[in-house]
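Common to both upcoming complexes is subunit A, partnered first by subunit B, then by subunit C.
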Partner chain A sequence: MKKGIIIFAVFLFWLLLVSAMVSLPPMGSPENPAYSHIVPRYLEEGVEEAGAHNIITGIILNYRGYDTMGEVTVILTALMGVLAVLGRENLLHHTSKVDESTIERSVIVKCVVRLLVPFIILFALYIILHGAESPGGGFQGGAILGASVIALTLTFGFSLTVKKLPLKYRTVFESAGPLGFFISGVIGLFCGLNFLTYIIPSVAPAYQDLIRHLLLLIIEIGIGVGGGTIIASVFLAMEKVGKE
Partner chain B sequence: MNDLTELFNKLFVNFNYIVAATLFVIGLYTVIAKSNLIKKFMGLNIIETSVFLFIVSSGAIVGGKAPIIGEGVSSKTAFVNPIPQALILTGIVVAMSTTAVALSLMIKLYEQCGTLNADKLKELK
Partner chain C sequence: MLRSLDVLLLIFLLVTAIGVVCTKDLLGAAIIFSAYSFTMAIVWQQLGAPDLALTEAAVGAGVTTVLFLIAISRTVRREDE
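Up next, the complex of A and B:
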């Protein structure tokens, strides 16, 4: 009875949404209002203005740099929230469900993970470093890095990951995202320009492109390493179980 | 009859939007009907996904390529709209962050109360 009422209400809401969507402009036509405002400028001059062949990377790091800086702060704050609720793991007091499990882990899984993890990390680094030229970028590469740590933890146990990624390094790497933005952005301030300008005026114009590329690379690496470590830390904090 | 075909044509052109609306409604149903908190949050994640699909679809172009400028590509109509994709990248990261915080709160709740059932939690006081 209760379910029926909910389904009916939700169906009415669906009808409302669909009736609104019929009157939207047809999907996929270049005459869409969303396509005619600022997009041509981004597509025509984005490479020269933002310094990345991948227009999306140019938008998130240059045109909307402040937005991305806030985003990086959001995931750092999320980590802080998780740690405030659950606390850091400590091998003296904590173990994990994976370690406690009495079921022998499959040899096939162990072999495959051991073989694949180096390549996964290499792929993540490629995605991070090549984000300005090809599909990818810091967040995507960071997610892959974090996934490789999770795969390792689930097959080889909690203690291995905690030992291989000691807390003193992780605390630094977790803040790499905002730190990268800070380093790259403040350079513009010191040269009398705006925050996140990526320009050093005293350098010859021929090298201006290279400098902007390097500063964007610093940010990409910061986002990637920071994001990956944050995912790993959140996972480790959730995975731990108190020792009896 | 003619009006009806026209309506169906419009619906078919905006097929992605219809799928987004359906996903939204599925998520809404999950949030309202399920009493397990983790299932409720899964519903919320489905709603987020539907919004991502809707916004990315609004930037699609028929036959458009990914907006990566390389050699030999010049026509400006050949690329899809990059702005929704950049916005959704932000959205995905925020969705991940909220999921992490919510799950950690649920873990603590389960440790303290021994249940994640919203109806039982209401009776605990």
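Up next, the complex of A and C:
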């Protein structure tokens, strides 16, 4: 009886979804509303209006700045959730499986990680700073930064990373994403314009492009540093094991 | 030529996606999921979305796999089922 009701409810829901799908515009059709209004505008005037040669960056930071700001805040909230459940690591009370492991780590792995990590970090910085011109940006660069910290921790131990990236610096850098948005966005507000407009009207028009570029760069760096630190912090919080 | 590469990638994507669900061993499932993410990154690149490909390769294949592995290392293996 109960099962029958459940199957009936699922069937009804399926019908609802199918009927909604039928009424959608055909997938990939060039006459879809998304392609007839928004895409031409983005492609033709995006570079001019958004101030980034990589149109994706222009869209996510300028046209849809609020959306990206929300995403950055969601990442910070995810970190808060992880910390609320697992707690911060503390070298006095915690160690990790990596540190306790009795298996000697291979010389090859150590050497490769030691040689590669500086270049990985360099690549991450390139992706963050060059996000306005080429594929990439804060999120991607931040993920690579975080991954380099993970590689270091897994090879050279938990206590080294915690000592090199002390908590007092990480707590500041974790909030860099929303902070970058706030700093860049509020400037427009002070000039009597909307939040996240990236324009200072009192500056000569010749420098307007430069200012917009700088403000976008602040946001990119904020997202990158913030995202990387958040990934590192989540990793360290999960990796820790209580000392006996 | 490129079309056949796409078809091959999509078939591999399907196989890995079903493999993740069907594998009982959690460690194996996490590793297959990492392979799925790498394939997905190449598919994104083929579709002309290098931004997404970078994210998928860094987050999907790198960071989440490590987080999965840490989570799995906290679990206990139960063989009797």
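One rule holds for everything that comes next: the second predicted complex is superposed on the first by the 210 of 244 C-alpha atoms of A that agree within 3 Å, B and C clash if a C-alpha of one lies under 4 Å from a C-alpha of the other, contacts with A are read in each partner's own complex, and residues count from 1 in each chain.
Keep this in mind: contacts are C-beta pairs under 8 Å (C-beta built on N, C-alpha and C of every residue); 3 or more make two chains touch, one makes a residue touch a chain.
These numbers were taken from a predicted model, which means no experiment stands behind them.
Q: Just subunit B (first), just subunit C (second), both, or neither: which does A:Gly136 touch?
A: The second partner, subunit C, only.
Q: On subunit A, which partner touches more residues: subunit B or subunit C?
A: B
Q: Would you check which partner chain A:Val234 touches, where first means subunit B only, second means subunit C only, and both and neither mean what they say?
A: Both subunit B and subunit C are touched by A:Val234.
Q: Who does A:Ile38 touch here: subunit B (first), subunit C (second), both, or neither?
A: A:Ile38 sits against subunit B, while subunit C stays out of touch.
Q: Contact-wise, after the overlay, does A:Ala78 reach subunit B, subunit C, both or neither (first, second, both, neither)?
A: first
Q: Name the contact category of A:Asp99: first (subunit B only), second (subunit C only), both, or neither.
A: neither
Q: State whether A:Ala147 touches subunit B only (first), subunit C only (second), both chains, or neither.
A: A:Ala147 sits against subunit C, while subunit B stays out of touch.
Q: Between subunit B (first) and subunit C (second), which, if any, makes contact with A:Ile127: first, second, both or neither?
A: second
Q: Need the overlap of the two footprints on subunit A, from subunit B and from subunit C, as residue ranges.
A: The answer is residues 54, 56, 135, 137, 139, 234, 238 of subunit A.
Q: Along subunit C, where are the residues that touch subunit A in the complex?
A: Result: residues 50-51, 53-55, 58-59, 62-63, 66-67, 70-71, 73 of subunit C touch subunit A.
Q: Touching residues of subunit B toward subunit A in the complex: what are they?
A: Its residues touching subunit A are 7, 10-11, 13-18, 21-22, 24-25, 28-29, 32-33, 57-62, 64, 66-70, 76-77, 79, 81-86, 89-90, 92-94, 96-98, 100-101, 103-105, 107-108.
Q: Touching subunit C in the complex: which residues of subunit A?
A: Counting only subunit A, the residues touching subunit C are 54, 56, 97, 127, 135-137, 139-140, 143-144, 146-147, 150, 154, 231, 234-235, 238-239.
Q: In their shared complex, at which residues does subunit A touch subunit B?
A: 2-3, 6-7, 10-11, 13-14, 17-18, 21-22, 24, 26-30, 32, 34-35, 38-40, 42-44, 46-47, 53-56, 59-60, 64, 67-68, 71, 74-75, 77-79, 81-82, 85-86, 133-135, 137, 139, 227, 234, 237-238
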